[in-house]
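Okay, handing you the structure first.
We call the chains A, B, C and D, going by the order they appear; numbering starts again at 1 in every chain.
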Amino acid sequence: MDLILRTEELDGWAVVKVTGDVDVASAPRLRTHVVSVVAGGQPNVVIDLEGVDFLDSTGLGVVIGALKRTRSQGGDLRLVCTRSAVQRLFELTGLDRTIPLHASAGEAIAADAPS
Amino acid sequence: MDLILRTEELDGWAVVKVTGDVDVASAPRLRTHVVSVVAGGQPNVVIDLEGVDFLDSTGLGVVIGALKRTRSQGGDLRLVCTRSAVQRLFELTGLDRTIPLHASAGEAIAADAPS
Amino acid sequence: MTDLVDLEIPPRSDHLALVRLVVTAAAAVHGRLTDRRIDDLRLAVSEACANAVDAVRAADGDGQILVRIELGDSELAVTVTDRAGGFDLAAVTEIPGATEPGRLHHERGLGIPLMRSLVDDVVFNSTGDGTAVRLAVRT
Amino acid sequence: MTDLVDLEIPPRSDHLALVRLVVTAAAAVHGRLTDRRIDDLRLAVSEACANAVDAVRAADGDGQILVRIELGDSELAVTVTDRAGGFDLAAVTEIPGATEPGRLHHERGLGIPLMRSLVDDVVFNSTGDGTAVRLAVRT
């Protein structure tokens, strides 16, 4: 259940593929990872949560932090998520209206920038 | 983790495919199932344990019982098992020498009858 | 009759995955909730345990955290108990609702509101000794 | 320091799968055993719990069964405790060895010999009150 993080480049975006449970124990690693991607000069980030079966409020906090960080650098954050247990958390908190969930990294990148 | 039992006919043998944990809670269902197959006039039985990740001593007892039952009806019992957690139990108890483990139902059926 | 499953873990966040497994497995034995309700309960319990771990560590305690699962006919309830000295629930600031723009400023403080939206009943019982949170899902 | 994970279950065999999950998950947290050693411990613990469930039910008891997991530096140990009145280990007939032809007559009585071959140390502590079996695997 260890968190596995793998980052790929796609059409000028960094796609961070997350596998495992994102909880209070593991979320700091995701935060550090995204921070270093943005600090490395890449403010356009997709977080791909397809390999995530569980995400808690700490994980949600990391996603909110990543959104603020990418936007403050002139970039954006997009999410890939079709797993119901994780989707549900975004819906319950209404965060899916601020950060839409996409079915694939390609779809996430192709999406219009939010107004 | 419920036990799923599915029986198919292959070259005149009944192949019982087992999925789930075979433990003291579920083994009685496997026993009943095999008993009814043999009682139904089919003494040649393959138990396919490829879908089994856990088998305890009760499960082993059911296998021993099935061997005695099929042989007493002039038939035989063959096992399919390549999963290490389950193989190990047969090795530790030495039962793999009495009831060899095969890699597939086809191989199990093609094997020579024990002397 | 209500079956009980009790679990006690050290106050460390790397044990939360174990608690989640136990909740899921106990719910499977119970067999009366849909997968979605089980996911919801699992998340609520994980949040409550994360708070308990935080509280024990902040209090410099090393007491275990107790997770009690009640497999009842009419509900599945999980109580998370710590001995971290308790807190004043009324004094905890509620974060802005989902539609409010203030939401984005909050990377923390989501736990308790989440628990309330995930399960049917949330009851906090906090004393000077510690806190018990009971999270119940009706069948 | 040795971390402790305690689990208490009702004396029912449909809870054994949960015990196995907890052993596997705790061993993952511990992180010092190979998958194969974990499988072996999981089986030994399941056998001990099955015996405890049998004993509680035979004694017409309804006491819970306690599973204590010690995550030590040099070993992972699991103790299964019941309050079923105990038994005389010396009086339990050992079944024939694997190579003996008598083996096939035994569909039961495999549990305790199995535990001994699966883990490094097996210690029974049985009193008039009940039985504790401690199963340890060295790291």
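As a convention for this text, contacts are C-beta pairs under 8 Å (C-beta built on N, C-alpha and C of every residue); 3 or more make two chains touch, one makes a residue touch a chain.
These numbers come from a predicted model, not from an experiment.
Novice: Along touching chains only, what is the step distance from chain A to chain C?
Specialist: 1
Novice: How many Å are there between the centre of chain A and the centre of chain D, using C-alpha atoms for each centre?
Specialist: Each chain's C-alpha centroid was found; their separation is 43 Å.
Novice: With centres defined as the mean C-alpha position, give me the chain A-chain B separation in Å.
Specialist: 47
Novice: On a C-alpha centroid basis, what's the spacing between chain B and chain D, in Å?
Specialist: The separation of the two C-alpha centroids amounts to 25 Å.
Novice: When you check chain D against every other chain, which residues touch at least two of them?
Specialist: Only 14, 17, 25, 28 qualify.
Novice: In chain A, which residues are in touch with two or more of the other chains?
Specialist: Counting only residues that touch two or more other chains, chain A contributes 1.
Novice: Chain pairs that touch, all of them, please.
Specialist: The complete list of chain pairs in contact reads A-C, B-D, C-D.
Novice: Which residues, counting only chain C, touch chain D once they are in their complex?
Specialist: Contact set of chain C toward chain D: 3-10, 12, 14-15, 17-18, 21-22, 25-26, 28-29, 64.
Novice: Which chain D residues qualify as touching chain B in the complex?
Specialist: 13-14, 16-17, 20, 36, 39-40, 42-43, 46-47, 50, 53, 97-99, 103-104, 106-108, 110-111, 114, 117-118
Novice: Which of the residues in chain B come into contact with chain D in the complex?
Specialist: Against chain D, chain B makes touches at 1, 21, 23-25, 54, 56-58, 60-62, 64-65, 67-68, 84-85, 88-89, 92-95, 97-98.
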